[in-house]
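Going by the order they are written in, the chains are A, B and C; count residues from 1 in each one.
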Amino acid sequence: MPQELTEFLQQLFNAVRISGVYALVALGITVIFGLTGIVKFSIGELLTLGAFLTFSFWDQDRVIFFLAVPLAALAIGALSLLLERVAFRFTLDQPINGFIVSLGLILVLQNFVIEAWGTSPRAIPPVFTRIWDVGGVRMPMHDWFVIWVTVGLIASLFLFLRLTKYGRAIRACAEDREAAALMGIPVGLVIACTFALGGALAATAGGLVGSIQVIHAYIGAQLLLKGFAVALVGGLGNIEGAVVAALLVGMTETFGAGYLATEWRDGYTFALMIMVLLLRPSGLFRARGRLQETLQ
Amino acid sequence: MAPVLTVERLSKNFSGVRALEHLSLDVHEGEILGLVGPNGSGKTTLFSCVTGFVRATAGQVTWRGRDITGLAPDQIARLGVVRTFQQKMVFPKATVRDNVEMAWQGLRDGASDRVLTCCDDILHFLGLADVEDRLATEIPFGSARKLGVGLALAAQPQLLLLDEPAAGLNQDESRELGRLITRIARELAVTVCVIEHDMHLVMAISNRIAVLHAGRKIAEGKPDEIANDPDVISVYLGEKFARSRSSQ
Amino acid sequence: MATAIGRLTSSITTQYPPLDLLTVRLPLAALLFVPLLAPPLLPTSRLLSLAVTAAIYVIVANGLHVIFSYTGQLSLAHTTLWGLGAYTAALLITHYDAPTLALLPAAGLGAALGAVAIGIPAFRTAGFSFAIITFSFAEIMRLVANNWTSVTEGSLGITVFDAPTPLGPIKFDTFNHLENFYYLTLAFAYLSLVALWLIRQSRLGKTFIAIRENEALARSVGINVYLHKLLAFAISGFFAGVAGVFFVYHQKHIEPGPLSPFGAFFTIQFLLMILIGGRFSVLGPVIGAAVVVFGPEVVNGILGDVLTLSRTQIIFGSLLAISVLTAPRGIVGQASAGYQNFFAVLRQSRERGRSWPVSAALALASSIVPVGRGKQDS
């Protein structure tokens, strides 16, 4: 295979892999925002916590990784639900306050991780160690595993929201909270569960990330920005948009860093985000839910 | 009397809903023009388009010979066209006096010598001087509405667009408001256009009345002409009633 | 002169109800004189250095107060503007040997221009998007600082050994004359407080508050909201830039690392100061800065070094979340409302014929509960 093609395919693979992680974080953000108008920045720290929890649950035995991630997701989901009941619930009428609360939570959670696990980086060894080499394009099997898990999760989320009773309830609340309440949907419960869902998604992303790269206390903050950029570009509250945007951002970033200057890697994403916010504040796709009110 | 504000074939679509349809209207210098019509007939949309809060889909607005279509709301206000709001018409957590001071942006160029020149004058004109230290949320609703008008006066308007200023007021408060509006038109040489549902008030203070229905103007003229106009009656009270009246 | 003082006093007494003035404002104002006694009161030079930091933080916090508290725009780029001022100062010192008198306006203007540059695109969006855009710009600036090595020395940062230009025989270097440096910084902290108060009293300040309270209403009376937001942002940047100069002299080194005070996340500290101290009062940022800088010291002093940096942050983060949820008026506003509630309930209860102890208990309870009376801004 010619060198340029190898190069290109390698970047493509990397891009897809990182897009998956971004998509999970973005979905967590977008689902919560679409329902409540609250931008939960602290979701990044939930990712960090998820990563470190997975690390702690982990053992040398590979089966434990398959269990560790869901366990961490459950724990963080529960934490997220608790936070909603204790804090975010009171900010529903003033979402910007919810944003500030999440800023405070960033301090709390990030430093909790530092207190509990220290500042040295950790890593979870990949479950599969084989690397599939196709004409110079190196694709670790574990990365494929991560990609498939991510795809599976996203697909499940889609199906859940579209087909199940609970999913429809969530979407109804996102469209019109008052009308949903009048129809007998327990809005408070739906919101609490959505927070739990967002937290679980973030924690899963954290666990997966922990197996493909080194994790440290600030990993969540870093991924948050990307995840948020994706959610924004795709339209806050728009789930399909988040997935497409994840691919877009992942590609922009990977190809930008690969073919242009590498050290400005994050800059491309930020630039893209700023442009989107300026030109089409509702994202590249029609955003749903609370967006119009909040941005006005 | 010369028209100071000319609205020409103004249209506004809100995702398929035609709020205004080729509406044309003139407001004459120094008059009090009443704007009436059933709910949803486009009255507030008209105000919003004229003052730049909403961008019209088509049509033109001319103010004293100048095309103001599409200008920013604060620009239009500085040119002398000031509107009030039906809701959230004052700054709630500040005192009455602070409210006026926040709205006061200094004397504008070309302000007539009959304009109220500072916050004290405005408060006295409104009759709110004795409650100036009370919070805007602690004064009676009628006074809050007057304060809303006062904020608009702080901007030294030449054309004042009042959006349902009497909504929620009882008879006495409405009458007092009516006197205030008449005083504004007469003593301050301000042209006024009032959206109202209170027909007594509108009939009492307006020089002319325009009637809107489904985004169009269906009648225009002096109050007693409007009161007897069959189209107007049918719009408010139904076709049958109009036919029964005209057949008498 | 006499009429000016007379007008000043009458404007103060008409603005604040007398009870509020006596029990809250005047004591707080008196507390403002305490920092003058810092050098003799603080035993170690480490504590004095901390006081310098507090004074610098006051200037930064006062700047944030203008854009966030007065104008209602949540900017997460504030500490980045601080960094912009600091970098400007550091570069001017190391390349041009600039005297302090030139540095202060230069850094202030540099940061103000940066604010305008960010604001021009950012203010075309509404409150929420604005916060996110400022956040992005903050991170971009950090990237620029890291990568534009030819100018900023990248991640190594810039080191500055100079001291502020001496004022005649008075030297300000932080090694031998830390007290003088402290007083210099304190002087500018006082200046920033006066500037803040002047802004609040002026028509400009009232316009800012009008924008915060109801933008549409502000527009309808002819206020150019976009321009005023830019102006507020520029002013806040100027404050931050000036603070940057003192930071450079004090810390002697700046770099764009993730823990650097110039990142987007560090603005959270200043948000905390404002929310703790009081969002609606001129004295809010000062109180907040004092609490954030010296609070941990006091706790450690009493409980014996129990607070590490990360534990402190956990507490601060919780305080931030709690203060947003429960007491939006901060310490100053809460104290003010508390006193008013106390005396109002006491009087009411006595009028209803209840005994003194019961009345006192009721009044005390009502003064603690965060329900505010009286006007919001002061």
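Going forward, contacts are C-beta pairs under 8 Å (C-beta built on N, C-alpha and C of every residue); 3 or more make two chains touch, one makes a residue touch a chain.
Here the structure is a predicted model, which means the values were calculated and not measured.
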Farthest chain relative to chain C (centres taken as mean CA coordinates): B
By number of C-beta contact pairs, the top two chains: A-C
Geometric centre: closest chain by C-alpha means: C
Separation of chain A from chain C, taking each centre as the mean of its C-alpha atoms, in whole Å: 34
Centre distance in Å when chain B and chain C are each reduced to the mean of their C-alpha atoms: 43
Centroid spacing, where centroids are CA-atom means, of chain A and chain B in whole angstrom: 50
Chain B residues counted as touching two or more neighbouring chains: none
Interface residues, chain B side, partner chain C - complex: 51, 53, 72-75, 77-78, 82-85, 88-95, 98, 101-106, 108, 135, 151-152, 154-155
Touching residues (chain side chain C, partner chain B) in the complex: 203, 206-207, 209-210, 213-214, 216-225, 374-377
Residues of chain A defined as touching chain C within the complex: 39, 87, 90-91, 95-97, 99-101, 103-112, 114-115, 218, 221, 225, 228-229, 232, 263-264, 266-267, 270-271, 273-274, 277-278, 281, 294-296
For the chain C and chain A complex, residues of the former touching the latter: 74, 121, 124-129, 131-133, 135-137, 139-140, 143, 146-147, 258, 265, 268, 271-272, 275, 308-311, 313-314, 316-322, 324-325
